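Pasting the structures here.
You will see chain A twice below: alongside chain B first, and alongside chain C after that.
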Partner chain A sequence: MLTVSGLKSGYGALPVLHGVDLAISAGEVVGLLGRNGAGKTTLLRTLGGALVAQAGTIRIDGRDVSRSRTYMRARAGIAHVPQGRGIFGRLTVEENLEVGTRAAGKIDVKRLLDEAYAHFPILRDRRRQMAGTFSGGQQQMLAIARALCGQPKALLLDEPSEGIQPNIVQEIGELVPRLARERGIAVLLVEQNLDLALHASGRCIVMDKGLIVHAAETSAFRNEELLAQFLAL
Partner chain B sequence: MDLAVTTLLNALTLISILALVGLGLTISFGLMNVTNLAHGEFVTVGAFTVYFVQSHGGSFWLGLVAAPVVGAAVGLLLEGIILRRLYERPVGAILATWGVSLILQQGIELTFGLGAKPVVPPLDGVIDLGVSAYPVYRLILIAIALLTLAGVVLLVARTRFGLDIRTVIQNRDMAEAVGINTRRTYAVAFGFGAAVAGLAGALISPLATVLPQMGVNYLANAFFVVIVGGAGSVFGLIAGSTFVGGLTSILNYQISPSLAQALVLLSAIVIVRFRPHGLVSIGGRA
Partner chain C sequence: MSNRTWFVTFATGILLLALLPNVVDGYMLGVMRDALIFGLFAASLDFFWGRTGILCFGHACFFGLGGYVMAIVSMMPDLAQQTLFGLVAAVAASALLAAVIGYFMFFGGVRGSYFTIVTLALAVIAQQVAVSWSDVTGGDTGLLGVPPLAFGALDLSGDIASYAAVAVILVVCLLGLRLVSVGPWGKVLTAIGDNEMRAAALGYNAAQRLTLTFTLSAAIAGLAGALYVAMAGLVAPDLIGLLLSTEVVVWVAIGGRGTLIGPVVGAVLVQRAQQEISSYNPSLWPLIIGCIFVLIVFLLPDGILSIAQRLRGVLPGRTR
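Moving on to the complex of A and B:
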C-alpha cells in the first residue's frame, strides 16, 4: 500500500535521510523505532509532504506522490498525525472532523462523521466543544479520528503516547491495530513508548543515522539483547 | 437632537466604508501575514468602475455590481502573479505591493486623465427621519454595507469555504495536511477581500472625490481599523471600524479634520500599547 524507495531528505543543506526503503501493506501496523535524532520524524514529515524529498520515490496504492504537494498527498490517501497532534484548537470537535473529510474528496460528510463517532463515542458527546479545551489524550483521539475522516490508505502516527495518561495509551494500543485491520489501512507508528510500539505493531523497523538498520517481527524485539544493541536501552 | 442623529448616521456611513475596506486587509494581514500596500487601489478601482460604467451610459447600479467583479479580478491577478511568491518574504511583499500601488495609480491616471471624476448618485432625495432629514443614498449605503458584513459573518461561520479559512488561519501546515488546498484558499480569500474593497469604492464614489490617488487615504485608515480591532477576525474588524469611524466622525464636528485624524491616531496608539493584538484579540473565530 505504502512503498518507499531510496528516499533522501533533510533540512536545507543538512541531510537526514540517506536512502530509506520501506513497504507497508494494507492492514499492517509497522513500528518505527530508533534513538532521538535517528530520522524517524523526518521520515514521517517527508512522507506527509511537509519536507521535500531530495531523491527517491513515495508510492501510495501504486501512485507516485514523491513530488506532490501536501494536500494532494492527503487526498491520495496519506494521513499524517504529527507530534503535538496538530489539532485546530479554535474549531469545535465536529469542525475538526469535518475538515478531516477534505482529504476524502466531495463525499457524504455526515456518513464519515458518523463512522468516526462510532469508533470514538466520546467525541459525539462533545462535538460542540472547542477542541483546544481537550486534554492531551482526548486531542490524540480526535487527531486519529480526524485522520480517519479522510479515508486514508496509510496512516503516519508520530508519538501518539507523548504526554497522555496511561489508560489512553493503552486504549490507543488496542485501537490502532484494530482500525488498521478493519479498514485495511497501512500504519507507520513512531513511538518511544516501547510497550505501546510492541503491543500495537506486527513488525518493527529500527532507524539509525537516517537509514533503516534492522527489521523483524515484533516478537523478535522482546529480546533484550536486540533492544540494547539498537536502542541503547 | 437632530445633530446627534446626523452625527450618528455620518459615523455609521464612515464605519461601514472602513469595515468594508478593512475586510480585505484583515484577510491578508490576519490570514496570510502579508502587508498589502496596494489594497487602497482596490477601492480606487471600484470607484473608477462606477465612473466608467456611468460615462458609457450605464446606470450607477450596474457599476455597483461590476465594481466588486473588477476588484476581484485585479486582486486575483496581484495574488497569482506577485504575492504568491512572497508569502515567505514579508518585507519583499511590502515593497512589491507598494510598487503595484504606484503602477495602478499611474495606470489609472494615464487611462482616465488628470482630475476628479464625477459620479452621479443614483438617488438625490433626502428622507425625513422625524428629528432630521438625511440623504436617502447614504442610508442605502449603510444598509448595503451591513448586509455585506452580515453575509461575510455567515460565510465564515457557516459555509465549507468559511471553515477552510478558519482552519488555514490557525495552522496552515496542518490545514494542508488534512487535504485543504491552502494556496487556493489564500487566492480566493484575497480575491474576496479585493472584491469587497471594490464594492466599498463603488459605494463611496458619489460622496468622495474620485481620483487615482483616493485609495491611499482609505488604506491608512483601514490599517488603523485592523490594528486597533485585531487582525484576522470579523468582530475585530467591526470593533476597529466602530472605534476609528465613530471617533473620527464625532471629532470632525468639534475640531479640524487634520487634528481629528491626529487624535484618532494617538488614541489608536494608546489602545495598541495596552492591547497589542487589538480590541478583539482572539483571531480566527468568525
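Moving on to the complex of A and C:
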C-alpha cells in the first residue's frame, strides 16, 4: 500500500534521511522506533509532504506522489497525524471532523462522521465543544478521528502517546491495529512509548542516523539485548 | 459570535438603518451614507483578516482602484449605462489585481507579517502611481465630475435614494459574507488560519483558497470604492494610499475582528468621532484615535461589539 524507496530528505542543506526503504501493506501496523534525532519525524513529514523529498520515491497504492504537494498526497490517501496533534482550536469538534472529510472526495459526510463517532463516542458527546478547550488525550482522539474522516489508505501517527494519560494510551494501542485491520489502512506508528509500539504493531523497524538499521517482527523486540543495541534501553 | 447573536445584531442594525432617514436631516444622511460605504470597505478587510488571520495593510489599493476605475468608466462620454459598467469594471479591476497579487504571494509562500509588509508597500506604490500617472488619474487633484449612481431611468442621486442604495448593498454584502464565513468555505478558512499546514495535510489547496478569498475581499473593497466615488463625485490619491489602509485596519480592530458587523460599527463611530473632534481641534484627532486604538487592543481585544458579551458575563443571575 505504502512503498518508499531510496528516500532522502532534510532541512535545507542539512541532510537527515539518507535513503530510506520501506513497504507497508494494507491492514498492517508498522512501529517505527529509534533514538531522538534518528529521523523518524522527518520521515513522516517527508511522506506527508511537509518536507520536500530530495531523492527517492513515495508510492501510495502504486501511485507515485514523491513530487506531489501536501494536499494532493492527502487526496491520494496519506493522512499524517503530527506531534502536537494540530487540531483546529477555533472550530468545534464536529467542524474539525467535517473539515477532515475533504480528502475522501465528494461522499456522504454524515456517514463519515458517524463512523468516527462510533470509534470515539466521547467526540459525539462533545461535538459542539470548541476543540481548543479539549485535553491532550481528547485532542489526540480528535486528530486520529479527523484523519480517518479522509478515508486514508495510509495513516502516519507521530507519537500519539505524547503527554497523554495511561488509560487513553491503552485505548489508542487497542484501536490502531483494529482500525488498520477493519479498514485495510497501512499504519506507520512512530512511538517512544515502547509498550504501545510493541502492543499495536505487527512489525517494527528501527531508524538510526537517517537510515533503517533493523526490521523484525514485534516479538523479536521483546529481547533486551536487541533493545540495548538499537535503542540504548 | 454565535449565529443567533449575529443575526439579532444584524436585524437591529437594519432597523436602525431604516429609521435613520426619519430622524436626521439630508446632510447628516449623506454623512452616514459615506460612513456606511467605509463600513462596507472595513467589512471586506475583515472577511479576509478575520477568518485567515492574515492582515492586508494595503487594502485601500483595492478601494482606490475601484474608485478610479469607476470614475474613468462612468465619465466616458458616449457610454450608456455608465453606473452599471462603472461598477462592474471597478469590481472586476480590484478582483483582478488581488488575484494577481494573491497568486504570486500565496502560491509563493508569503504569509504572516511578510504579507502585511508587502501589501503595505503596495499601498505606497499605488498612491505614487495615482499621483504620477496624471494623464489618467488626474494626479494630485484627482478626477472631478464623476456622475452619481443612475440605472437607466432610476436616479439614485438624491439624499434618501443614495442612502437607501448604499444601505441595501451593505446589508446584502454583509449577509453574503456572513453566510460564506459560517459555511463550509469559512470553516476551511478558519482551519487554514489556525494551522495552514494541517489544512493542506487534510487535502485543501490552501494557497488557492487564500487567493480566492483575498480576491472576493478585494472585489467588495472595489465596490465600496466605486460607490464612494459616485457619491462624492470625485476621486483623489488619498483614497488609494497608506493612510486609508491604516484607518481601515483601525476600524476593524476597534469594531471587532471576525464579526463583519463590528467593523461597520467601528468605521461609522470612528468617522463620526473624527468629524466631531476635528471640528473643535483638528490636531487633537490623531492623538485621540491613537490612544483609543491602544486602549481597545489592551482592554477589548475583540472590539467594541464584545462589550455586550462581557457585560452578560458579569451581570448577576446570568450564567454566560
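The criterion applied here is as follows: the second predicted complex is superposed on the first by the 233 of 233 C-alpha atoms of A that agree within 3 Å, B and C clash if a C-alpha of one lies under 4 Å from a C-alpha of the other, contacts with A are read in each partner's own complex, and residues count from 1 in each chain.
Simple rule for what comes next: contacts are C-beta pairs under 8 Å (C-beta built on N, C-alpha and C of every residue); 3 or more make two chains touch, one makes a residue touch a chain.
What you see is a predicted model, and the numbers here were worked out from it, not measured in a lab.
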{"item": "Simultaneous placement of chain C and chain B on chain A, clash or fit", "value": "clash"}
{"item": "Chain B versus chain C as contact partner of A:71, first or second or both or neither", "value": "both"}
{"item": "Touching partner for A:171 - first (chain B), second (chain C), both, neither", "value": "neither"}
{"item": "Shared chain A contacts, counted only where both chain B and chain C touch the same residue", "value": "48-50, 69-71, 74-75, 80, 82, 86, 88-91, 95, 98-100, 102-103, 146, 150"}
{"item": "Chain B residues within the chain A interface of the complex", "value": "163-164, 166-167, 170-171, 173-183, 282-285"}
{"item": "Residue ranges of chain A touching chain B (in the complex, touch as defined)", "value": "48-50, 69-71, 74-75, 80, 82, 86, 88-91, 95, 98-100, 102-104, 146, 150"}
{"item": "Residue ranges of chain C touching chain A (in the complex, touch as defined)", "value": "184, 187-188, 190-191, 193-195, 197-206"}
{"item": "Residues of chain A that touch chain C when the two form their complex", "value": "48-50, 69-71, 74-75, 79-80, 82, 86-91, 95-96, 98-100, 102-103, 146, 150"}
